[in-house]
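Each of the next two complexes has chain A plus one other chain: chain B in the first, chain C in the second.
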Partner chain A sequence: MLDFLLRRLAAALLTLALASIVVFLVLEVLPGDPALVMLGTEARPDTLAALHAKLGLDRPLLERYVSWVGGLLSFDLGNSYAYGTPVSKLILDRVVVTLPLGALALSFSACVAIPLGVFAASRRGRMSDWLVMGFGQVGISIPNFWFGILLALFLAVTLKLFPAGGFPGWGTDPLGSLHALILPALSLSLPEIAILSRVTRSSMLDTLREDYVRTARAKGVAERDVLMRHALRNALIPIVTIAGLIAGFLLAGAIIVETVFYLPGVGKLVFDSISNRDLIVIKNVVILLTALVLLVNLLVDMVYVILDPRPKVSV
Partner chain B sequence: MSDFTRRQLGGLLGGASALALLGVAPGARAQAPGRAKDGVVVIGMSLEPPVLDPNLNAAAAVREITYQNIYESLTRIDRKGSIIPGLAESWTVSEDGTQFVFKLRAGVKYHDGEPCEAADVKFTLDRLSAPDATAPGKSLYTTIKEVEVVDPTTVRVTLKGPDAFFLYNVGIGDAAIMGRKSAATNGTKPIGTGPFMFKERKEGDSVVLVKAPTYRDPGAIKLNTLIFKFIKDSAAQLNALKAGDVDTFPGFQSPEQVNQIKADPRFAVVVGSTEGETILATNNAKKPMSELKVRQAIAHAINRDDLIAAENGFALPIGSHFPPHNPAYVDLTKTYPFDIAKAKKLLAEAGYPNGFEASLKLPPVGYAQRSGEIIVSQLGKIGIKLAITQLQWPQWLQEVFKDRNYDFTIVAHTEANDLDRYARDGYYWGYDSKAFKDNWAAVVKEVDPAKRTELLKKAQKIIADDAVNGFLYQLGKVGVWNKNLIGMWEDSPTPSIDMTGVHWKL
Partner chain C sequence: MSAFWSRAQRHVGFLIGATLVLLVALMALVSLFWTPHPYDDLRMALKLKPPDGTWLLGTDHRGRDVLSRIMVGAQTSITVGLIAVSIGMALGVGLGAWAAARRGWLDEVVSRLNDLVFAFPAVLMAILITSVFGASATNAILAIGIFNIPVFARVTRGAALMMWGRDFVRAASALGLGPLTITVRHVLPNIASVLLVQATIQFATAILAEAGLSYLGLGAQPPVPSWGRMLYDAQTYLYDAPGLAIYPGLAIALTVLGLNMMGDGLRDLLDPRLRLMRVG
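Entry: the complex of A and B
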């Protein structure tokens, strides 16, 4: 088991190293010059050259890559071109918005989708099953930014139950901050609920067909125990896999949802720094997000081991 | 069986909704009336400024927040675009127009307590014009030959030659006078002499300013706190206004949403003027746009009424590159009136009876997107087939503006006094006219206002006749604010959300 996890960890580190090269090269070929963005239409060739030198953009490719990776390893990410503030501070300020948002959305998804899926599986072919799956189809089809705008219009503007957007900050107003994340988390989780409930349903249906379920029923185990203890636990593996993938999707969805709810999160940071060609911020954020997704996948692997302690034959 | 599952489901859903309702406390949300009492205004902006130092960054949003609020310049541009005294209470100009002596106000202090003196003026003007300066507005200040400190409240500036725009240029946000000791950190911790001082910034979210105790006339300032909030998405802007989270969008970017705001009795919608001439910028250095008849044909094919209708009417037609509210404006919209037959005839005479294909590269702004579609259809009627390419700003700056790799683009030129662009070599339009250059040289040297007006009128006419670009419309400034907020600028003569004289009607 330890061997399995170690191998997974090594694979993750290798992926991260490759990702750093890809990220760096993609930003190299991305059209647009950060110095030109800072100086605008009145930029003179001499001021542009001076600014390039000041930002270190005139140094050779390899030298810049090495100094970036060196900075990453020593936790010195440099200063943002646009804001002039340390990139690490920018990212930390944003992570405390996006991580709770993602966690909230993931827990909404799991809390709603898994019971829904189990429920639908247990009532397979009946009206309630059709309703749940129909909801799933709608949920997958609705773009989450549009759902977010609708939520804000109805629950924030009309009923005034929630703020229409913005984030007061955990330090100033912890309860208000949590409150501000609810609508964005709801709109972020809707498509995930839809996907996860369908996966749960089909995974449950598969396990309910297994011999051990029939045996359990035959020896008179109560139906709820059959569902919860025998079927659900075994059905959880694909569910956890999908939930792990969803964590990555949530980060991507955050870019749009944070714009709709004007939350100062990582997604918005990515969006803004791409529009400003704040290259130093983009590459650091993207590599950290990559690391985060890899970490989630590692966690998923560990959960596999817990859920299914049978020894792994192959990886 | 189903009995239990249903209960289980109910419990979990109940738990989730309880979590969702957590924090729904009545009265937890600040609303405009409460803010009015505390002298707080929440100002919405579409774009977030980068560093808060207008000496060093070109973004208009930097000036909108900092100019006149945090920083002040030697002269000042007022709400109508006139030059009035700023940090300099008076000035004299030598007969030949090359020497300015500025008398500074006495007793002006920076927010950190340091005095604002002639040495700071010299420091700032050098920062803008020195050979190694990286100021975006450097070309405005390279006419400066020397800046001398005569005494702590007197500065003498000598120019290389007369410059009719100098007093204007030292009044805009670009030339905000920075303190010698604080300038280096002004990007992240701005310190100026203005009525409001920097309190905090949350990148991606907001900038907060508070009333400055060091300001020379504290009684004149009625507001205590300004919160600039950055909301890019237009649906989110509308929601923020309607939910009462934001008191004003001084420059509201979505004309299509304005009718919804007008229907809300809490808000005033005020349409004012800007310096933004919106043009179908044309690559004059490239065939076939290099032919006068082709450009004239395009001018005849453009119907400005349709373009302005798409802006919900918040724009004025222009026939040259000059704002209608300027006293030197001449109406040249009839130079090439809308006439498809004439346009086709001119195109045939130029050797393109069946038109031609060309690119239209659009920046990511609402007006360019809206006008772009209409221009494609209008020029399509005379056989010019335009293919639209969407660009992000950094791409537009590089590809269109710097590398001049384009046929047409649509963009608003928002700087004041920007006719000089037509006299520049290597500018992205590729326009080169000796007549215009000679006339412009005369404009810059002319210190007599009446004579200068005549020269400016001539300049407008030359580029209109040459149909250098498709001259479309002057952008309007759509300001939205709470009706009880008094004193906001209606027009936008220079990028600034000047809150000095603004107050709440209680």
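Entry: the complex of A and C
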């Protein structure tokens, strides 16, 4: 078991290392001169030279890469070009919006999708099953940011139940802040609910065919208990795996949805950094998001071990 | 083939999907030489008009005809989707087939690439590319295309590995045919249906990704209309012209829904045992 987790950890670290090389190549090598990208083509030569020195672009490639990775490990990410403040502070200030948003969206997804999938599986082939599957098909086809705009249009602009955007801040108004995250979290979770409910349904259908389920039924266990205790618990393994993958898509989706709802999160920081050509911020945010996704998937592997005493090593 | 069509005519999902896709393709085609109004004529006096007999879906914040812009926007979505999926297929299928034929270290590299893409969502890749090379339709296509490479590599590898275990492929190998000849003559023709289904689904994903990127201003640049950017512009006028925020989104959703339903239908029709991973 420990062996399995160590292997997964090694694979995750390898992936992270690969990702850091890709990010470094794309942002620092491919453009030729990152300082020129940041300043624009009409930059004055002396400003360009100053930025060169500041970014350490006069140093050899390998040295630059190593010093970046070293900085990442000690969370010293350098200063933002546009804001002049440390990148680590910029990110920390915004993580308090994005992480709760992602967690809320993931809980919405699980709370709606798993019961929906179990329900559909228990009514296989009937009208209600067909409806749930149809909802799944529609759910993955709607762009989450459009769903967000629709929610803002009906629940915020027309019915005035929620704010259409903005974020008061946890310190000033904790309840209002939570309130402001509900519509964005709902719009982020729509496609994930669609995917997760389909996975839950098919995983449940697989376990419902197992012998122990038939035995439980034959023993006269109530159908409800058969579904919840015997089938769902065993069906959870693929569900948890997919939920882990979804966490990654949620973070990427947050970049767009935070823009829709004017939330000052990490996604908005990325968006603003693109317009400011603030490559230092982009580079670090992208690699930290990747690390976060890998971490979530490692956690999923651990849950997987807890759920199933016989994990397969080759995944 | 005739057996396929007779089954296709009874598959409701496939029929609905194919009809939606055909309608969007037709809309894009018609818009090449005719739209109800010129799509880029600014008429500030007519801005934010509600739908009526002349302006079937109303006008936007610059007095441009919304229906005409949606029609031309279909061209943008289809072009980006088609080219991006072709890039992904051209390189991914080659890579996957090669990995399956050779195994060993190459196989390992392809698997690691897949892990990387799972941890590295398409939007992030697109952001990296556009932040360095600037926002344009070409860069959006490149970003989505690059993301598609490992998806096709993965699917091709899986399907091709199964073929390499089959007797007729082993026989070809015993006859002394090389891995390239076997791949081209025996493996690829037999996994074409798997690839076709995956291509349909990736097309849907690519259109969603394009919409997201152009919403962020990282896709097609003005004056070229794109559905995602239309939604971004519409958000400022939610109070005055809510319709502007509805029609382009509906266009995206129906196109993607059509492709997804068609893809699922094709999968049922071509190989009922086939199951594909959906990679967003």
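Please note the rule applied: the second predicted complex is superposed on the first by the 288 of 315 C-alpha atoms of A that agree within 3 Å, B and C clash if a C-alpha of one lies under 4 Å from a C-alpha of the other, contacts with A are read in each partner's own complex, and residues count from 1 in each chain.
Convention: a contact is a pair of C-beta atoms (placed from the backbone, for glycine too) under 8 Å apart; a residue touches a chain by one contact, two chains touch by 3 or more.
What you are looking at is a predicted structure, and each value in this text was computed from that prediction instead of being measured.
Overlay on chain A: chain B and chain C clash in the combined arrangement. Applying the stated contact rule after C-alpha superposition, one finds that A:A152 touches each of chain B and chain C. Contacts of A:R277 after superposition on the shared chain: both chain B and chain C are touched. In the superposed model, A:A216 makes contact with neither chain B nor chain C.
With both structures placed on the common chain, the touch criterion links A:G84 to chain B but leaves chain C unconnected.
Touch criterion met: A:A164 reaches chain B and chain C at once. In the superposed pair of complexes, A:V118 makes contact with chain B only, with no contact to chain C.
In the overlay built on the shared chain, the residue A:T259 is in contact with chain B and with chain C. Of the two partners chain B and chain C, more residues of chain A are touched by B. When both complexes are overlaid on chain A, the residue A:V37 reaches chain B and chain C alike.
Of the two partner chains, chain C is the only one touched by A:L251; chain B is not.
The single stretch of chain C with clashing C-alpha atoms against chain B, selected from 21-29, 39-47, 93-101 or 201-209, is 39-47. Overlaid on A, the two complexes show chain B and chain C touching the same residues of chain A, namely 31, 37, 149, 152-153, 157, 164, 259-260, 274, 277. Listed in rising order, the residues of chain B touching chain A in the complex are 1-2, 4-6, 8-9, 12-13, 15-16, 19-20, 22-25, 28-29, 48, 50-51, 56-59, 131-140, 187-188, 202-205, 229-233, 235-236, 239-240, 242-243, 245, 392-395, 397-399, 401-402, 415. The part of chain A that touches chain B in the complex is made up of residues 31-34, 36-44, 46-47, 50-51, 54, 80-85, 90, 93-94, 107-108, 111-112, 115-116, 118-119, 122-123, 149, 152-153, 156-157, 160-167, 169, 175-176, 178-179, 182, 186, 223-224, 227, 259-262, 264-265, 268-269, 272, 274-277. Put simply, chain C touches chain A in their complex at residues 112, 115-116, 118-124, 127-133, 204, 208, 211-212, 215-216, 218, 228, 231, 234-235, 238-239, 242, 245-246, 249, 252-254, 256-257, 260-261, 264, 278, 280.
Within the complex, the chain A residues that touch chain C are 11, 14-16, 18-19, 22-23, 26-27, 30-31, 37, 137-138, 140-143, 145-146, 149-150, 152-153, 157, 164, 191, 195, 245, 248-249, 251-253, 255-256, 259-260, 270-271, 273-274, 277, 279, 282, 286, 289-290, 293-294, 297.
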